[in-house]
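Two complexes follow with chain A in common, the first pairing it with chain B and the second with chain C.
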Partner chain A sequence: MEILTKRYWWLGLVFIGALVLPLVVGEFWVHVAIEILILGLFAVSFNMIFGNMGQLSFGHAAYYGVGAYATGLLMVRASVPLPICLAASMVAAGICALILGYFCVRLTGIYFAILTLAFGQLLYYIIFQWYSFTRGDDGLQGIIPPGALFSATYYYYFTLFIVTGALIAMWYVNESPFGYTMRAIRENADRTRFIGINVRRYMLINFVVAGMFAGLAGGLWGPFNRSIAPDLCNWHQSGIPVFMTVIGGPLGFFGPMIGSIIYTFLMAFVTGFTEYWPLTIGLVIMFVVLFLPGGVLGLVEQKMKVFRSRDLETRGDRSAETGSS
Partner chain B sequence: MSGEVILNVENLNKAFGGLQATDNVSYEMMTGELSAIIGPNGAGKSTFFNLITGYHAVDSGKVFFKDRDITNWPPHKITRLGIARAFQVSNIYPRLTTYENVRQATLAQQRRTLNFFTPANRLAKKETMQLLEITGLSQQANMISGNLSQGDKKRLELAIALGSKPELVFLDEPTAGMSGEETHETMELVKRLNREIGLTILFTEHDMSVVFGYARRLTVLHQGAVIAEGTPEEVRDNEEAQRVYLGEEA
Partner chain C sequence: MDVSLLVAQSMSGLSRGMMLFLIASGLSLIFGVMNILNFAHASLWLVGAYFCYSFWHLMQNHGFGMWVSIPLAALVLAAIGWVIEVVLIRRVYERELPEQLLLTYAMVLILGDLIKLTWGVEDKIIVRPPLVDGPVFFYGIPFDSYFIFVISIGFFVAIGLWWFLKKTKYGHIVRAAVFSREMVSALGIPIPRIYTGVFVLGIFIAGLAGAVQAPVGSITLGMDMAIVVQAFCVVVIGGFGSLLGTLVGSIIVGEVYAFSILFWPQGALVLIFIVTAVILIVRPWGLFGTPMRV
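Entry: the complex of A and B
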């Protein structure tokens, strides 16, 4: 516990920074910050499958989109209160992930990636075509957050509150026996079978949990953007958490969140004066893949490790060099 | 406990393509045995373990564990029933620490792997440390297991297998890659586990001094079939066994 507080003191600073942010920046950057939080949650949920389970889901937007439509439809058609909508988003995305994941976890590697992509596109076309229910290509407009949340600042605090809660929950899952079991499956699925674990079932549970948090992120998006469209399910959208995770680093819990900060901030900044955003992000990804294979967080951890092992060497305490996390 | 049939294999067959890897093998083990399966490379020792533990599907034949038909059960169910194994080529979690490797097996054995909310580092401490201690890995607890020496990796294999608290354990060449001293230590541990906690153990081994020094019963496999069985002395005197295997050594 002591190590935990020592190691993560900076999180407190980040949170305080996040709290005072709307007081020091203009409304445009508050919007950017909301986007960072929502997409960051989406990316961290993606990384439960990519980083922890070791499988690349290329259709994670399916659950994000289902979450967005669950909240959007309930708010627009039935005026359901937002918190209930968000809970419904998690449930709806979880059910979708359960049904589609049942098939996906039978495969691994490239086949897993392709099947998740195919299912993602399937959901996209369903939402696109089912005009009477989803209004297809027109999307849903007028998803207005209730009361005080109408203001960007308050919606920011609301999002910060929900995303922080979700991150804490995911952190616990990550550190729990279940989280370690996912890492065990990533490292060596065969061995994991031989210690008595039903690997497929655990992969499915993880897929569902990741889908639920993606659904929550999607649910937060609609009222922020005031409208949603089928594109939220599209494979472009599935690429976003992949980019963010690659940039931030998949092996640390906060990697995708750091990736979201860099990606979203950069996008807001770059699109301000050029339309060549895809080119820019392409160059960034190329740079990261070539020079920072562990992402930004990987680089930081590497530097920290060098620093720590030096510190330990001077004390002659070599055995604790790789000290448990 | 001792004297009951714990494992009963009847007429087991498995072919890979045209190769008959397991040829009509029948085998019986009593609770409390410490026995070995020997045979030249490719004799079908590992395949035999793989068939019993559910890694490969059998072509025909039956496997009973304590009178229960476990033929073609999935590995995780067989493990939960009380059969564990240590692999020939160390089969660990290379990017996790030694401690985390063993803890994972212990958590699975304690049915705690569906716990989402308690940090894993608060659980199964005592059991994990105990396993590390008896396998002589306490000093390496915090090392990334991929960086362990070959001998230590094999010991970790054993620790993981023991983490499942099995009644019957298969050790596939438990001392492969170990120095003479390490081999002796490991086999003494195996003997202790058998004597003191009554673990039933079946192992394969290349080193004949290990086999004759520790196993109380030997089975010789050749081209997938059992060609001799008995006490070490009986097998040593068996002509066919001498011809296919021991002859090379003597």
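Entry: the complex of A and C
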């Protein structure tokens, strides 16, 4: 615990900074901050599969979308209280991840990426076509957060606490024996199997947990945006956490969060004066892939050894090699 | 439900399948040889369609306009493919899968906006020359004559690729590179040149496919997004790197689509992804592929 407080004191500062943020910036930036938190949670959950398990999921938005629709439908059709909706989002996304993940974890590498992509598109088209239940491409409108949460500032605090709680939970998973087993599987699945670990079951549990947190992020998105559309499920949305993770760096726990800050800020800034946001982010990603393997966090670690912890070294500094099968 | 409707629908499925084949064959070739999954393949296909429109627009007063535009567009795309390979793809040969995927995904975003900047947001329409406009009748059943053109181009490319891979020296080298890059390079054959050649060939076919697609309907922004995932499905169903598999996979996907439109319109795309997922689960290397080195 002492080591933890010594190493991660700056997290306390970040949290305090996040608490005072709405007092110092305007409403526009509060909206941006909410988006950073939600997408950051989404990206960190994605990185449980990518960074920890070493598999690239290109259909993670499916669970995000299922979460968004669970909350959206429950709120619009049944006026269920928001916290229960969010729990339902996690359960719904978890069930989907359990069913689809059962098949996904049988594959690795490129096949894993394509199967997750195919399942993601499958869910996307189901939501898109099932008009009577999901209202298809009209989307769901009027997802109004209850009571005080209607104001952006209060919704920001609500999101901040939920996301912080979720991050702490994922952090514990990450640092538990389970998390280390996942990284062992990433490094060498065969050897992990030889010491008596049911690799597939572990991968499936990890996949389900990642899906549940993606569902939570999706659930938070609906009331923030006031509406949801099937696009939340499709493969473009699945690309977003991939970008964030690669920009921030996949090996640190907070890499995807840093990626989310950079991505969302950049988007808020760039879309202010040009509609060519895809061009901009495309060029940024190209630059990061070609010249900055390991992401921003990797660069920071290289330049100043402050953030470098013994823990990261045992994980292996293989920033360029994550995701190998 | 009479027979002529079924026959017409199967022709439309075949034509759709052939279009998918034209896209997926390049995708499969590039993946098989270079181990790079090119997300941007359909974006380049769309660029081909827009180039075809531009050339046709310049020559629209001449009857031969479209017939000249199609090969011209394919050649332009081959040149673009060469630039992309030399400038970008070559840098990531040795990188891991996610980075290669992201690079080509970044190209999707960049190309999408470049198309918007160059050609604007309005849909483009090419007026077909009389030869392929309107229906032709076989035993009283009407067929869109342009579909017949698409299908014949598809078969022509399939036979051409088969001939190239099986009968020519370069084809043999390419097929050898699918199995072992190390061995090929140990024989003194420059691998980067083979890679560049394969990539340019793949993009040439994609450009040709885009140019052939252009007169089918209107050319719209974002057409590439749905088709690229379907092309992945085709490659998965047929098996990576197998030409015959890609052909069979394309026809399966095209026909499944055409007939589910008839019987269960909402489920057309859902069905394709279900087929793909089932193939991936029971036979990840596809119908005609060989279990790959992983």
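The rule we apply is simple: the second predicted complex is superposed on the first by the 303 of 325 C-alpha atoms of A that agree within 3 Å, B and C clash if a C-alpha of one lies under 4 Å from a C-alpha of the other, contacts with A are read in each partner's own complex, and residues count from 1 in each chain.
In this text, a residue touches a chain if its C-beta (ideal position, glycine included) is under 8 Å from a C-beta of that chain, and two chains touch if they have at least 3 such contacts.
The shown structure was predicted, so the numbers you read here are calculated from the model rather than taken from an experiment.
Enquirer: Please tell me which partner, chain B or chain C, touches more residues of chain A.
Expert: Partner touching more chain A residues in the overlay: C.
Enquirer: Once the structures are superposed on A, label A:Tyr180 by its partner contacts, choosing first (chain B), second (chain C), both or neither.
Expert: A:Tyr180 sits against chain B, while chain C stays out of touch.
Enquirer: Output check: A:Trp9 vs chain B and chain C. Expected answer is one of first, second, both, neither. What do you get?
Expert: neither
Enquirer: Check whether A:Arg106 is in contact with chain B, with chain C, with both or with neither, and answer first, second, both or neither.
Expert: second
Enquirer: By the touch definition at the top of the document, which applies to A:Trp235: first (chain B), second (chain C), both, or neither?
Expert: A:Trp235 contacts chain C only, not chain B.
Enquirer: Applying the touch criterion given at the start, work out whether A:Phe273 contacts chain B, chain C, both or neither, answering first, second, both or neither.
Expert: In the superposition, A:Phe273 touches no partner, neither chain B nor chain C.
Enquirer: Is A:Pro293 touching anything from chain B or chain C once the two structures are fitted on A? First, second, both or neither.
Expert: A:Pro293: touches chain C, not chain B.
Enquirer: Of all the chain A residues, which ones make contact with chain B and with chain C?
Expert: Looking at chain A, the two contact sets intersect at 320, 322-324.
Enquirer: For chain C, which residues are in contact with chain A within the complex?
Expert: Per the stated touch rule, the residues are 37, 88, 91-92, 95-99, 101-103, 105-110, 112-114, 116-117, 225, 229, 232-233, 236, 266-267, 269-270, 273-274, 276-277, 280-281, 284, 294.
Enquirer: Provide the residue numbers of chain B that touch chain A in the complex, in ascending order.
Expert: Contacts found on chain B: 53, 55, 74-77, 79-80, 84-85, 87, 91-97, 99-100, 103-105, 107-109, 112-121, 123, 139, 142-144, 147, 160, 163-164.
Enquirer: Taking the complex as given, what residues does chain A use to touch chain B?
Expert: The touching residues are 172-173, 175-181, 183-184, 187-188, 190-199, 202, 205, 319-320, 322-324.
Enquirer: Which bits of chain A are touching chain C when the two form their complex?
Expert: Where chain A meets chain C, its residues are 50, 56, 58, 103, 106-111, 113-115, 117-119, 121-122, 125-126, 129-130, 235-236, 239, 242-243, 246, 276, 278-279, 281-283, 285-286, 289-290, 293, 320-325.
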